[in-house]
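Consider the two complexes below, in which subunit A is the common component and subunit B and subunit C are the respective partners.
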Partner chain A sequence: MTDDAWLAALTGELRRHQVGPDLTAHVVAETAAHLRDSGEPAVRAFGTPREYAAAVADSVGGPDPSRAARPVGPVRLEVRGVTKRYRRRPVLTGVDLTVRAGQVAAVVGANGAGKSTFLRVCAGLTRPDRGTVRVYGRLGYCPQDGGTSEFLFPDEHFALVGAGRGLSRPDARREGRAYAAALDWTPPRSTQARHLSGGTRQKLNLVLARLGAPDVLLLDEPYQGFDRGTYLDFWHEVWRWRDAGTAIVVVTHLLNQLDRVDQVLDLTRAEAAA
Partner chain B sequence: MDADRRAQWLRGVLDLCVLGLLDSGESYGYELAQALGDAGLGQIRGGTLYPVLLRLQRAGLVTTRWHGGDTGPARKYYRLSAAGRAALTQASADWSAFTGSVRTTLRQEER
Partner chain C sequence: MRRTYAVAEAALREMARRRVVLAILLLLPLAFYLSRRGDHLGQSIRFVCLGLGWALSTAALFSGSAGRAIEPRLRLSGYSGRHLVGGRLLALWTIGLLLSTPYFLLVRFDQHDVRYGAIALIMALTVAVSAPFGLALSAILPRELEGTLVLLVVVGLQMMVDPADTAARALPYWFTREIGTYAIDHTDRGYLDRGLLHGVLAALVLTAVVTVAWRVRQGPRSHLEFVPLR
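Moving on, here comes the complex of A and B:
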């Protein structure tokens, strides 16, 4: 087998082991670089594609030791038996979720499975037909879109939302700019939100949700329009907030190997089972 | 040295050896494999080394970045994180204690 054929077979095997496309691309590129550097035949350096794919899947799929060692805190969000119908169509049926301080929960499901509705219920913006939501502490919510005000500058957003969370104008501005910097964004001083690109507006949205360091953070696919680098920055920030003790709920349909979340709430399954 | 036994021993400490090598600066897989060989630890197969690197990355003990060489292919560089440095310090102490115990025990066997 030539190296190219071997690498192609590896790509297929990684997919079979349900390794995500990003990690697969990284592993294959790294393997190819190694083969070029060493001049060794692939089979001698890495074994069969199947063996190596299994080893890769095993090393990313096992329990994360850093997470196992991390203590979790008190319950911050408790959702019990939430049911919601739109007209006659059930959107959420008896959904439960408990998230503790220092945990990340991912909400997944097909389009229309009720992910955003679930988050709006958690945020207190939509009333469920049945069930309860308890939030222990302060809440930050990043909607999928529409969280910004067209005619305000970024700094004015920081001041406005910061005021609602007890931050002085300079503190809100400082904090907002610090969070923006972590997403590789320097908010322009005199650009209204309506003139920001979609991805940049999402960054603003995300920064606003985080202002004042809420105890519970609800994020509804907050990375839409992000380029790959910002997407990684975003997850890096999520891990940092989690490690600082924030309880985080992220709506996503992109669960790949990067998403080392503590629990996954699959609304597709809940709906199908109902 | 018996190559099988060396490989068996190495299996338990390969991740620590990698952390040790990265303590002196960032590096990529093939370079690490060569450094391990140069250190007398035998030839490390890519199929053994890269899964260890992935595990270290996943545990947050190393950070990574892709860097394209001007002439060669893009390589994935690994760098020790603060957590990795702390783990290395702890593991070095543990390893010294462990090998000390082994050494003492072996000497008793000789008598």
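Moving on, here comes the complex of A and C:
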């Protein structure tokens, strides 16, 4: 790997670690100067871009602190008193959640705590026994699995979902490919969805949820099957969508991102309290 | 209409890529036709129409099941039941007409002394009925195997029951026997009228069943309110 390629990879990795653009530029410039002065190959001097970016991110204390000062907008999702039983077993008991524009809410809980059920209730795919959901604006939903058509190509998915959102075929394709690129994926032109790997199909699923820039995004563990780089890209995209004013609800069981979300809805605790 | 066409186009693409299924669909009515061609030409016409019905309703059943995964997403993306059901029906009717044409031509050139217009009518009604019939089964029965078994029972009954029996009229393809009798045996126009009425009613009732089943499964939810942003 040439030094230039190494520095480009470092820039991408720092971005994935939520290091702000100013600091990234500074670190890359410093690193480039060191490499120039020492004449050492970058890999020998600093290790892989991934390792070095992780070390930098650790030393500067994680994500860009300027994000903390972000203003939040009006309410976009309002869930009140949602209760759901399957047969006689309570799954959700009086669950409330309010998410504003520019906020990320994480829904956590043990297996069977009702995380996916909660999201399906929010999306109107499951009827609750009690409670109401109000969505301000348009809704995008990324299910844990499914959500695609086995025999269609990615571009055909973009066109189909885009037509529902009022996008022309070229616009839908352009937008879908742009979102895919942000997840480091170039959709193949003539591969049916059933022939995509599990992680790639989830990328398609996620891109479809985002198509048409909905105001509220419901994401049900959308990163299943993602490799590490794509997982980081996914969270980077979540922060970007949040900064653009989207209200996002993410179902997750991975707790290492919880300190970066705006609120956490723990359904395990809600169930235990009931 | 753009959304309806988008759904129809996607459904057509899905089906066009299931080449083995398409080949079986194309050949199934031929097997029905040839099974009685040697001993009873008239019966072979009735059988080929039932074969078409079976093939198309099976295609509709599988098409409806295939759509289950993506339809919730499409509904959230701005599609209504009218677009989703209408688009899929449009695709299935198109395939049905394409599938029927070679069989009509086969009858046209292989059979003599029959009323070809009435045979074309049977095939058109068969296409009209089979698409909502298969979609209704896919909407009501969640698994394809169950739907396929029901189709098998219906087509089997259709072949075995006495068409004069009142209960036979409850079967979706009863009209094929009535109009077939008019076309092949040159009976009076009453057979044609009864068959036509039955076929049209069957298509309407089954389309209504598909629409209602869709609304129950994926229609608007009273707990969810969308507030548009201006």
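Keep this in mind: the second predicted complex is superposed on the first by the 204 of 274 C-alpha atoms of A that agree within 3 Å, B and C clash if a C-alpha of one lies under 4 Å from a C-alpha of the other, contacts with A are read in each partner's own complex, and residues count from 1 in each chain.
In this section, contacts are C-beta pairs under 8 Å (C-beta built on N, C-alpha and C of every residue); 3 or more make two chains touch, one makes a residue touch a chain.
The shown structure was predicted, so the numbers you read here are calculated from the model rather than taken from an experiment.
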Q.
Just to be sure I read the superposition right, which of the two partners does A:Glu51 touch: subunit B = first, subunit C = second, or both, or neither?
A. first
Q. Touch check for A:Val135: first (subunit B), second (subunit C), both, or neither?
A. second
Q. Can A:Gln192 be said to touch subunit B (first), subunit C (second), both, or neither?
A. second
Q.
Is A:Arg260 touching anything from subunit B or subunit C once the two structures are fitted on A? First, second, both or neither.
A. first
(Q) Comparing subunit B against subunit C, which has contacts with more of the residues in subunit A? (A) C
Q. Touching A:Leu125 in the superposition: subunit B (first), subunit C (second), both, neither?
A. second
Q. In the superposed arrangement, which partner chain does A:Val238 touch: subunit B (first), subunit C (second), both, or neither?
A. neither
Q: Would you sort A:Gly147 into first (subunit B), second (subunit C), both or neither based on which partner it touches?
A: second
Q. Can you list the residues of subunit A that meet both subunit B and subunit C?
A. none
Q. Given the complex with subunit C, which residues does subunit A contribute to the contact?
A. 82, 121-125, 127-128, 131-137, 139-141, 143, 146-152, 156, 159-161, 163-166, 192, 208-209, 211-212, 215
**Q.** In the complex, subunit B residues that touch subunit A
**A.** 28-30, 33, 45-47, 50-52, 54-55, 58-61, 66, 72-76, 83
Q: Please give the residue numbers of subunit C that touch subunit A in the complex, ascending.
A: 2-3, 6-7, 10, 13-14, 17-18, 66-67, 69-70, 72-74, 76-79, 83, 218, 220-229
Q: Please name which positions on subunit A make contact with subunit B in the complex.
A: 26-27, 29-38, 40, 44-47, 51-52, 55-56, 58-60, 62, 64-66, 260
